[in-house]
Amino acid sequence: MFYHVKELQFNARVSKPDPRFARLLLEQFGGPNGELKAAMQYFVQSFSAKMPYPDKYDMLMDIATEEFSHLEIVGATIQMLLDGINGQLKDAADESPLMDLLSGKEKKEHMINDAMMNPQFFVLTGGGPRLTDSNGVPWSGAYVNANGDPTVDLRSNIAAESRAKIVYEYLLQFTDVPHVKETLKFLMTREIAHAQMFMAALETIQPNFPPGIKQGDPRYTNTYYNLSNGVDYRGPWNEGVSPALGETWQYIADPIQHVVETNGLSNVTPTGTDRTVESAEEAGTKLGKMRSEEIKNAVPEGELQWSTYSSTNNTSNNTTS
Amino acid sequence: MFYHVKELQFNARVSKPDPRFARLLLEQFGGPNGELKAAMQYFVQSFSAKMPYPDKYDMLMDIATEEFSHLEIVGATIQMLLDGINGQLKDAADESPLMDLLSGKEKKEHMINDAMMNPQFFVLTGGGPRLTDSNGVPWSGAYVNANGDPTVDLRSNIAAESRAKIVYEYLLQFTDVPHVKETLKFLMTREIAHAQMFMAALETIQPNFPPGIKQGDPRYTNTYYNLSNGVDYRGPWNEGVSPALGETWQYIADPIQHVVETNGLSNVTPTGTDRTVESAEEAGTKLGKMRSEEIKNAVPEGELQWSTYSSTNNTSNNTTS
Amino acid sequence: MFYHVKELQFNARVSKPDPRFARLLLEQFGGPNGELKAAMQYFVQSFSAKMPYPDKYDMLMDIATEEFSHLEIVGATIQMLLDGINGQLKDAADESPLMDLLSGKEKKEHMINDAMMNPQFFVLTGGGPRLTDSNGVPWSGAYVNANGDPTVDLRSNIAAESRAKIVYEYLLQFTDVPHVKETLKFLMTREIAHAQMFMAALETIQPNFPPGIKQGDPRYTNTYYNLSNGVDYRGPWNEGVSPALGETWQYIADPIQHVVETNGLSNVTPTGTDRTVESAEEAGTKLGKMRSEEIKNAVPEGELQWSTYSSTNNTSNNTTS
Amino acid sequence: MFYHVKELQFNARVSKPDPRFARLLLEQFGGPNGELKAAMQYFVQSFSAKMPYPDKYDMLMDIATEEFSHLEIVGATIQMLLDGINGQLKDAADESPLMDLLSGKEKKEHMINDAMMNPQFFVLTGGGPRLTDSNGVPWSGAYVNANGDPTVDLRSNIAAESRAKIVYEYLLQFTDVPHVKETLKFLMTREIAHAQMFMAALETIQPNFPPGIKQGDPRYTNTYYNLSNGVDYRGPWNEGVSPALGETWQYIADPIQHVVETNGLSNVTPTGTDRTVESAEEAGTKLGKMRSEEIKNAVPEGELQWSTYSSTNNTSNNTTS
Amino acid sequence: MFYHVKELQFNARVSKPDPRFARLLLEQFGGPNGELKAAMQYFVQSFSAKMPYPDKYDMLMDIATEEFSHLEIVGATIQMLLDGINGQLKDAADESPLMDLLSGKEKKEHMINDAMMNPQFFVLTGGGPRLTDSNGVPWSGAYVNANGDPTVDLRSNIAAESRAKIVYEYLLQFTDVPHVKETLKFLMTREIAHAQMFMAALETIQPNFPPGIKQGDPRYTNTYYNLSNGVDYRGPWNEGVSPALGETWQYIADPIQHVVETNGLSNVTPTGTDRTVESAEEAGTKLGKMRSEEIKNAVPEGELQWSTYSSTNNTSNNTTS
Amino acid sequence: MFYHVKELQFNARVSKPDPRFARLLLEQFGGPNGELKAAMQYFVQSFSAKMPYPDKYDMLMDIATEEFSHLEIVGATIQMLLDGINGQLKDAADESPLMDLLSGKEKKEHMINDAMMNPQFFVLTGGGPRLTDSNGVPWSGAYVNANGDPTVDLRSNIAAESRAKIVYEYLLQFTDVPHVKETLKFLMTREIAHAQMFMAALETIQPNFPPGIKQGDPRYTNTYYNLSNGVDYRGPWNEGVSPALGETWQYIADPIQHVVETNGLSNVTPTGTDRTVESAEEAGTKLGKMRSEEIKNAVPEGELQWSTYSSTNNTSNNTTS
């Protein structure tokens, strides 16, 4: 169950209206890397985490709830940046309503110009935010990644926080209002904090690479196909040892010839690795049994009940570590 | 700021897995009339309501927060209806993983059939909900209606609650699990309660018709154009007196002839009404001044701060009526 | 079957090109509250209305057809506001084609600036409308609400007309061309007229609340959960008597405690109402039988034929009231 | 202005409910090649056609109006194929409503299975069509192609009619109800008729290739780059003479070497053609002047009015050829 | 398998940054008629073409691969037009980073204005292209038409090339940088070349009209319904002989009366044609057998293998004509 | 420039048609974690990488090109799984075309059932793949993440590969055809290989945390807000030292009280860290200068040319490490 307190998590303030920056800021309200995306991603992931991994569930819900609170901060800031528009629009019937705020022909032009920046602030929302990105494209449920596996989901979250961070970094360069900058810096910093939480949580799951259960086929885990011809570069991504599995990279300089000679990669044998096709299968089977067991033990059979209700649970924080 | 308590608002339970009903229930998780739509609609509307109408803001936030809590109930129910899938998917490496749950060829077939109902439960989410409707179409920010005017927004909300209600009514006919029915009935009933809250709030705003500020042109407010030929019907929507403005309906039996004769409706005069073009303009101007004043008085000029922070606010509920 | 006459329903005129206002006006051509949305909503609703409710069908089709005619007016106005662009674009091969219209470097700049307002007028449609909103987001079938129940659909329509009305009201503030203002006022006024038609039609269906068939569970129809903490307000939406069902509002000041104490709202009993769980079920059953009977009587079994053809039907208007 | 007569253009009938075929048929109601797409494509194209090309405008409007009439036929057929569902859903309150239609546990199962085919027929639309394709993806304004040039638009239309035709051809294989087959054959045949109308209209515009105004650069109009290696084929698309411009195809067997040797195709000269870079530019300039003149002459300057109103226009068909 | 060489197919150059034109050019990167659409359309069509029509498969893959190469040219040009933005954005921490590039308050304003043109270049992509159209609407898989029949697909391709051509023609009018114009002309010309390839390929399939297999019902192939009343026009699309089937057009001046009199077009007989309902069915059956046979002979039964691997195939071009 | 060789990178084979698994496999053709998403993500990222980071550009292009080659493998497999459908659909005119393949009423039923699984295989694509996910939702350009910063983009890629890996892992459980399993295992393994390449590349950039330039505000980088009440858990994500910045986690047990007491987090001071607000700003400024310099040095000013053309470049692989 959610609960709302009317105070914002951060003391957001705005010195003067700025519909142009309000448009930019929509990117973090209803955009693909914005606060709603983050909130919904962790919220949706939490459902499959709850029973097998109650500690991860707790973390996901703490952060999801914070992201909802950030969504509120962003929305409030946009609303304050659009301040005055709603009142002006109401004074509609005399047919020169925008004159009060502005004055004179040029200023009306200016107002219309600003309207053009995102007309929907003026002709659709009446001076408030809308769940779109900065170009007016509606938020989509497809932004949310939740795949039912913490080694995947936590990586999705680290990446999501990285993208959210860089968008705030970019946004900071398009306003010079100190109050707004403070709010943006707070929000940007929290993405850094969250990213570290997800990194720490990922480390508590071992093994966590490859993500999921099944192991890679050793014939193909360490080959690099040089498919873009011209000036080629070598680096730790195609020479030396692969970072997670510790196999020796096999650099295929002419992949087309290689494919033809190996009958479409059918006739290759593992090279540069101790793993075999069999050992890889076996390792996957073993891990699968372990994880599957874990989950089945955590999730009861038969009738399920999501919550238990006792006043103890609610009135104090029970901490387990 | 939002806060989360781990107990669901309603004690949702499930007796046995049912991936097919889980698919149907997605309609209320990520569908156009579902809980996220409702939550986000009232949440987004609340931004422009806060300063001029703090009472409506309080109501919108109370209901928005309840809808988030309902979204959690729906997600939890879907998760429980998909119970067992995640564990089975983890037991992946032996290449007959679904056999435990089922047993024998037919049952695997059956599992695959169920997978086909919504493959994304199996191959994308690993046995959890996704922010889509029952056909897998992602939730869209375009579902949210917020137009910066309470006489419009509250009507949008009454309609939204009506649609959400009927979808729960339909859903109730596709499960016979008592626990799930109880949950659905609770959720359906709350839509009825919310609808009444919005109706009551709309009544506190006078005048509330037409929505917004500007009055209709009396030459066109009470004409009915009979544009669909064949068996025609008369009823209070085209004869007698119009329900909100109390004008006499003018029934135009042959609209094409009428349009041609009036030079594209230019040469018509108000009939069946006391209002004139001038009086309508004047009424709009007057109302516009009033509403505009209200808002400007409520919204301070210059630097804006969304929240004030004092321990008093937080630790007790201050009620104003 | 539809039929088209080349005259517009309203005598739309434009004094001079204005690509910027043309962009804004797209909101009512291909936007979520625009004319296509309205036309398609009533058209789609009409299919399920036809057999049980031929009078509502007649009304829906009359209004749907009018909305198509309004879509044409909006498109024609956009086309005239973009006047000259198509001809200029054709004069393309000399590589300074925009010079005729404008003249000199600054004017070309100006043209490019205008192009930027909605580049698709220039590089995609060649100077005509496109089925998008004012930000270029394509119209979506998801805008259309049709749920197979007149008590729901008519409420959706009242809300839709309200939104369309306010968008025209806002748009009126961004042009000062008298002809365009006249057209917008006509279109805005028709939304007011239609809203009243739908209100009147809703009143002819009794009972119409709650929408649909099933009655609300009396344990939850009149409770208000105070989920947004801080300064709280009381009003007719949470104190006194609920507007449609006439029950006494129950204000739950601390919903979290209440949920825990009632085992997730399981252990509550109806308060402030005469209805019981049983009487509510019974009322729903009775209403369900009545409505279901109505529909089954109206819709023949076996082979169905949509239309009957007789010259009588067509050449005269047969009116039934 | 549009007008509606209640008779369908084609006498659509249905012998028995079939929710599965109803789902398939949605492809032509709200799908990318369906009737709404066709109707809206020609309707939107008509705006820019009206003033310079009144004959094409007349044709586009005739066909657009027919496509709206076909949309109605498809919707009516879907509604009839879903017959009985709405009535059943209304009989909701006794909690075994689907039993009437079916009877016994298995039949309820069967009903639920059918619901799964497109759950939205049951839980969203209450037994009516929705503006989606057969998978539930909402219709999109992006399906509509209108580019402000008849040599382009008419080709888009020929292609659109071809796609609509093949979809009806495919659909015909999934029903064996004679009445439905008749309706589908009528609709399929009309696509063939329309395709020929657009072909004939395209021929009346000369020159019509290349589409638009500007002529192709003769260095690149007749080269064929063999970019997919393996078994290569020669045919009239890469040997002999090009069909529209009559130039000799230049087959570049090794395009990578060719690109490097020509400094990224900068250093090539026209081969296999009489046209030169200069003559091509000149031809474009000339055509541009001609077309631009045509359009400017047809479209008046200054104040524009879309329609003129006179009873003569309306009461008789004035035909010009 | 694809292969990449780092040289662009065309030597694309840019003289100076121009974020505004970069925005326009997005139309051909991620827009509905852009290079990705073309590439993916031919690529997706190629799968069903491969086995029955290896020559068409070869052509589709040659052109698809060229379109990918064009997508790269467009992306590279956008990147160069945004040159300098990425470096500026990195210099973020001193909080006046955009001053270097510009200088002075007005120039910062100017930068922000440009950012407004497409804010996502600045706050989302950090100065690079994104897969959207010029308004920021993401590319959609729905742009791709592939219907499993070459007589349909090739027509879709001719239309697609026509639209792509006109968009380049329009774009050419919004830049005066010679290098950029050269690139656009090259790309525009290739659309003309490709259109001719598809036209030539369509001619090699006989019969190719109507597209697909089934023949039109002769009662409806040659009727023209005059559904748009007012000034009507006659031309080869509704008088004389139809262009593909050579039937005499039947002009129905009053279609409503006609529909009523023919009982919804049921009671009509073929006029102006030698074909009969029976001969049309027969012709379709015969063609169906022929085409079906062709495909079944080309596509082996049982186990399928997409490629055969032999060094001969790869190291030389085997040409078949 | 791209080049295509007709052999697939992997020798994909299929033993028998299976339209149901073809539907599932669409998830990796046109779904959010599929091959097109991966290919386009690295391709789009490569544009901004090319000039400052030619080694990363080379890697991105090598992998993007491999992903295009995987897209082809997936499409070819879907096509083979749908084998026979296209031929059957062509044999359309005798109106019982599906009988050959099947035989008898039940089998036709079965075919129609399969059609229902994804009707678009039958009525839209004629037996080929479409660019949608397994539910028919079209691929979207919004799936692609490219933010102009390698420390962000590489993390997006690690996450994308993780998701693609788990989807293949899930898919493997829904087919038992050995050939198809082999193909899926190859594709799954390559995601593991690519993930490691991106991990290795990320390590070569130092510092790479936080992503981008600006450093986090030390007042907020290491606080954990316990916003989800109930059973709480402690772990390395909220106790001990944060993994990337090495600061001591500050656990705020009651965040609402904390927010109120700190005036919306305004009055907090850095705790558990050596960094100060000033030192963090300074570090950001320094890093910004460094990175900005790097990029400006790599990207020439003035006229830009993407490629240089020399036969040397092309005919040999020049490797730099």
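Letters A, B, C, D, E and F mark the chains in the order given here, with residues in each chain numbered from 1 onward.
The rule is simple: a residue touches a chain if its C-beta (ideal position, glycine included) is under 8 Å from a C-beta of that chain, and two chains touch if they have at least 3 such contacts.
Bear in mind the structure is a predicted one, so any value in this text is a computation, not a measurement.
*Asks:* Which chains are in contact with both chain E and chain F?
*Replies:* For chain E paired with chain F, the chains in contact with each are A, D, in label order.
*Asks:* For chain A, which other chain has the most distant CA centre?
*Replies:* D
*Asks:* Need the CA-centroid distance for the pair chain A / chain E, whole Å please.
*Replies:* The computed centroid separation for chain A versus chain E comes out at 33 Å.
*Asks:* Can you check how far apart chain A and chain F are, centre to centre, with Cα atoms defining each centre and the answer in Å?
*Replies:* A distance of 13 Å separates the two centres.
*Asks:* Nearest whole angstrom, what separates the Cα centre of chain C from the Cα centre of chain F?
*Replies:* 38
*Asks:* Hey, what residues on chain D touch two or more of the other chains?
*Replies:* 1-9, 11-12, 32-33, 61-62, 64-65, 69, 89, 92, 97, 124, 126, 132, 135-138, 140, 142, 147-149, 166-167, 169, 172, 212-214, 227-231, 255-256, 259-260, 263-264, 307, 309, 313-314
*Asks:* Return all touching chain pairs.
*Replies:* Going through each pair of chains, those in contact are A-B, A-C, A-E, A-F, B-C, B-D, B-F, C-D, C-E, D-E, D-F, E-F.
*Asks:* Which of the residues in chain B come into contact with chain D in the complex?
*Replies:* It is residues 20, 23-24, 27, 31-33, 117, 133-137, 166-167, 169-174, 176, 181, 227-231, 255-257, 259-264 of chain B that touch chain D.
*Asks:* Would you mind writing out the residues of chain A in touch with chain B in their complex?
*Replies:* Listed in rising order, the residues of chain A that touch chain B are 1-9, 11-16, 30, 36, 40, 43-45, 47-48, 50, 52, 61-62, 64-65, 68-69, 72, 75-80, 83-84, 86-94, 97, 124-132, 138-142, 144, 146-149, 179, 212-215, 281, 284-289, 291-292, 295-296, 299, 301-309, 313-314.
*Asks:* If we count contacts the way the header does, which residues on chain C are in touch with chain E in the complex?
*Replies:* On the chain C side, the touching residues are 1-7, 89, 92, 95, 97-98, 112, 115-116, 118-120, 122-124, 126, 132, 135-138, 307, 309-311, 313-314.
*Asks:* Under the touch definition given earlier, write down the residues of chain B that touch chain C in their complex.
*Replies:* Going through chain B, the ones touching chain C are 5, 7-12, 32-33, 54-55, 58-59, 61-62, 64-66, 69, 137, 140, 142-143, 145, 147-149, 151-152, 155-156, 158-160, 162-163, 165-167, 169, 172, 185-186, 188-190, 192-193, 195-201, 203-204, 209-214, 216-217, 219-239, 242-245, 253, 255-256, 259-260, 263-266, 313-314, 317-321.
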